[in-house]
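Letters A, B, C, D and E mark the chains as written, and numbering starts fresh at 1 in each.
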């Protein structure tokens, strides 16, 4: 059982990390806790679903289309809910509330269009194949998603650390004034960041929709709190931190079910959240608070 | 500046107090005498051929039923199914002139959005409306526990069609329901499956933060203990969870005869898919309650749902004669099969109409008395009666998923 | 009078919910006034609701005793929570308090199972609470609190909180013990939220664990955002409007939620200080004086 | 190159710069000197697009830039070395330098410039993979100057490059300024270190309380007692 | 005797030493000036003394008691008050309210006293208000007492900050560029005020760039550059010090001198 639980945890950890990447990216660059991120995730899943069911696209095409769609939604979100606040240097509270309001709107529009029911991708969209390694089972779908998640994580890291665009994003994250002095179009970089974060959320939406067969307007809610825990664990705004945080949360959840009691699963994650906040508010990998002074 | 706003505030409060005083004085007290008649209630509502026996009616030309259901929010799923059932019943009642020549039934809907507070507000509004004869609803047991006491105090009959938790009809003698409580369904399911599958040890999984699934678990646990079946482990999950593999891996290692699940269909479907993926063999069946009983189960789980057993009040595969007529009518109206929620709501609307007709009055107390008298009403659910606790009596069914759809369980 | 009594018969519960929400508005006002972004108030409300309901049901205590016990329990837990979390700033405090709300919910769900008692009813919640809340009692408490708030603003403590919100470190160099005063605001907020929880339990006759989750926390925050935190009446006005709004928007059916969200975004963008902005009053009055 | 006419800048009710006019000719080094609070940094930040002027006109190569954003102005050939250095502390030294060339697209030339910066500032080469925030003040100042040069600017503004630095480092910084000048870059320099500034400058403006007090060739001001007075009183 | 003593105080930010092994004393009843070019570490030093920041190493003693680990409110309660270089008034509050906030530690009334409007509370409020009014008079702010602080001019705001600091009844007052933004007449009046406060026994540490002002008010001057003390003495001594001249006018001067 132990090794199967380890596999379960690795798989779940990849899922959590994938979801948390865009969440933490927005915080890292803009210092915004974007509570509408889970709604972009949900929209990504629905766009993917529409691509497959209505437009009859194959899943490998639906994924990039959904990423594009939720990326554009991310940009819209910024233009409508955040940009006006940024322009007047509104406090954290204001952006937080604006993101909550935007999230309510996004969920309710989705409900109006798609209904409250749970939907799933068609059965034949992805071949069902179970690998069995000495009593430990993994599906092809799980391996594929794990693979795509890893590729996305590596690509994001490369983008942030290794490209001119990434350097510009980090410059904007550190100090918008300095970035602007260097000729970096700050507003455009922020837009790109929202696009990337939205696209990441969309990818997570499609892949998790594929994995868990439960696409609904409310699918973002439970992921929201888990995602928050993950990004706090890793340090708000820290890309590697989000990945590590995802695995820590997944392992603590899975192992608490396996060896304690499943009643304690959620309690474990929130107690973990509180402890990290109190002991290391900047997360396990976070830099000191001077970063965003 | 502060002074003015304070003045305004005090003024507002004074007005409110005034309003309070008036309200207190004019609370309507039920005064009408119960009508002492006991008609034999054996009409078959779906059988349109039977001519209603029209006598001189005391009923008004328009009779209003109010329905408080979740038409928005996460539980709108159920509310909208219920709405379809009620609308179909009202349409049939009016087409058949069931209440008499020139007497029409009107339904007004109020949305409770899954929020007990909104249910209370809706009830209050409806109780204040003198036209409302009966309230149908609310959708959730939580809403019922908050709002039904208002109706009880005001002497307003309530017929619920989706509350399955315990303690609903205990609120008072004006509260009825057409939804078979889990306690009337699950023990039968366990008994039947034990006999058929020879269960000795099972694992239990349930959603522990949801009133419906937790209440189902309570009943399962009692039923399993009553039948002497060992519970190997009790695993929980939370509303909205999508990954159950940790719990299932643990269950797998314990090798149960079956897995008893108290969950809603969407969660149950994912549990089944993940269990089969982990290699839990199909010989280990899933047993569930009302929550399983939805077309969504097989729709989402596909072949993983095959063999899943569900105890239920009703299913589209039901062999009850009135059921077939109803399913046909429903299909003609909406182009899809009804689910259990629609059927129980359909029955509730018909039962209300029947009671009004039998009482020959829209007086609340008279309707209530007539409701208590309803016995062996031929409904899609089966021969329907209310017991002394105003809970429904009819034969529950045990179903199993066969070739992608629920059918009557054949051992 | 007839119109009034009809109105009252139809909407008395809405009015009472509005009054309870006004209490919640006051509770979050205390923290926001001090510059604390706390989302714990829904959790405190839950504590107040459960404690008062259990006392009423099992000990048969009269409403004032149950309410006070609920509010004091909330305040005590608030104090314990505040000890560590009030050292956190801004967004971190918000996340920690959000986590607290979830812990309250999880505790309510699991309490009976782990304690072996039959007190809170787990996920099915606690029902059969007698309806003891009256509009009179609610008004009484609101009036007392309003008077308290007016006095509070003129007091040494009120000035200290205002100073902390504007500039924490300057306040500290004025000799104000910032941590203790934050704690005062936090505990006061917890107390009032606990009180609101008690009233709510004895009005809806039901307490369930899901009533105090993330959504509830967000709703309470929305009261303050809409009404504004520059004046103590702001959150109360916001609470009243947002309670009545869903009733007024019934005609919108399934798009009610969209309107709610849109209002939140619009208010935060175009009315950053909420509806109640003392500066407007000042302007109106100075104009009058000028005339 | 740069022409400022009748510039006024306000912070709320406070007039930080009043009716200021001056000019920087191509190839020149122009110094703006004056006591603390005289409006020197405000003037530079307004030219750099970070503050909107209340009135007046700023022209770069004849083009009015007073309404433009900072990044747009940077693209027109203005590079800034801001007061307090403004290193991007969480980025490495090399990344800081590369971002200096953000507005350029000639990749090969950028690589070449990067190498020449490493040659000119060997310390930056040894620290190229380090976070910029970990360097000493003097090293940071070198890096920020190098970063600005990576843009191959037409006009370079330096805001108090000697601030908080030890004398030896200050000397190095001014040597670099002289070198830059020799390469034909036009420079606008704001300095507290008046002697140093006047030594490298062709022309100087002295600000007092937001207004122009004197304007003269730097050589004339170099030994003027007015300058001593402007800083040390009397 | 010295009222404040700094012993090898150091503060690092990342790799930078903003303040490096600084030691000096401020004598009781004297006005000490702290000068140095921008970035010399003056404001960092003030933050360390007032408790807003803690030194990386070294000790700060006030009235022979170590204070470098105390929180700012404790330090204020011991008798140290300060103003800020970038004025930090409570913006929307009136001038009088700003000053009354400064009197926080002089009040004793609890929240309960206020809520119940007990006579002791009212007497106290009246007393504090009168004291605050006296302070406005002393600083020539009485006509602004009900004006929101952010509506005042720079110079007036600086005086409100001084009044607010004085309201805490300090033994030791730290002023961070109090004359910045003031006109000549205002600066002269400020100088007189500081001298009269010193005469009454208040010890003052003042950071200022306005050298005539420093010369007018200070008994003793400490000059800083790049985080270190480069000179100390009377203003005349300081002005003659080649290191100081170099710091301000450029290093060449020291070579020429």
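Simple rule for what comes next: contacts are C-beta pairs under 8 Å (C-beta built on N, C-alpha and C of every residue); 3 or more make two chains touch, one makes a residue touch a chain.
Quick caveat, the model's predicted, so the values are computed rather than measured.
Chains that count as touching both chain A and chain B, per the definition above, are C.
Distance from the centre of chain E peaks at B, each centre being the average of the chain's Cα atoms. If each chain is reduced to the centroid of its CA atoms, chain C and chain D end up 53 Å from each other.
A straight line joining the Cα centres of chain B and chain D is 76 Å long. Separating the centre of chain A from that of chain C, both taken as means of CA atoms, is a distance of 31 Å. Of all residues in chain B, those that touch two or more other chains are 72-73, 76, 208. For chain C, the set of residues touching two or more other chains reads 106, 110, 113, 254, 256-257. Among the residues of chain D, those touching two or more other chains are numbered 89.
Two chains count as a pair here when they touch; such pairs are A-B, A-C, A-D, B-C, C-E, D-E. If you check the complex, the residues on chain A that touch chain C are 33, 80-81, 84-85, 88, 90, 92-94, 96-98, 100-109, 111-112, 221, 224-225, 228-229, 232, 236, 263-264, 266-267, 270-271, 273-274, 277-278, 281. Per the touch definition, chain B reaches chain C in the complex via residues 1-2, 4-6, 9-10, 13, 16-20, 22-23, 25-27, 71-73, 76, 110-111, 113, 116-118, 120-121, 124-125, 127-129, 141-142, 145-146, 149-150, 165, 167, 207-211, 213-215. Across the complex, chain D is touched by residues 164, 167-168, 170-171, 173-175, 177-186, 287, 290-291 of chain A.
Those residues of chain A lying in contact with chain B across their complex are 1, 4-5, 8-9, 11-12, 15, 111, 115-118, 120, 123, 130, 132, 135, 137, 139, 208, 211-214, 216, 218-219, 221-222, 253-254, 257-258, 261-263, 265-266. Across the complex, chain A is touched by residues 72-77, 208, 235-243, 245-247, 249-250, 252-253, 266, 269-270, 273, 277-279, 296, 299-302 of chain B.
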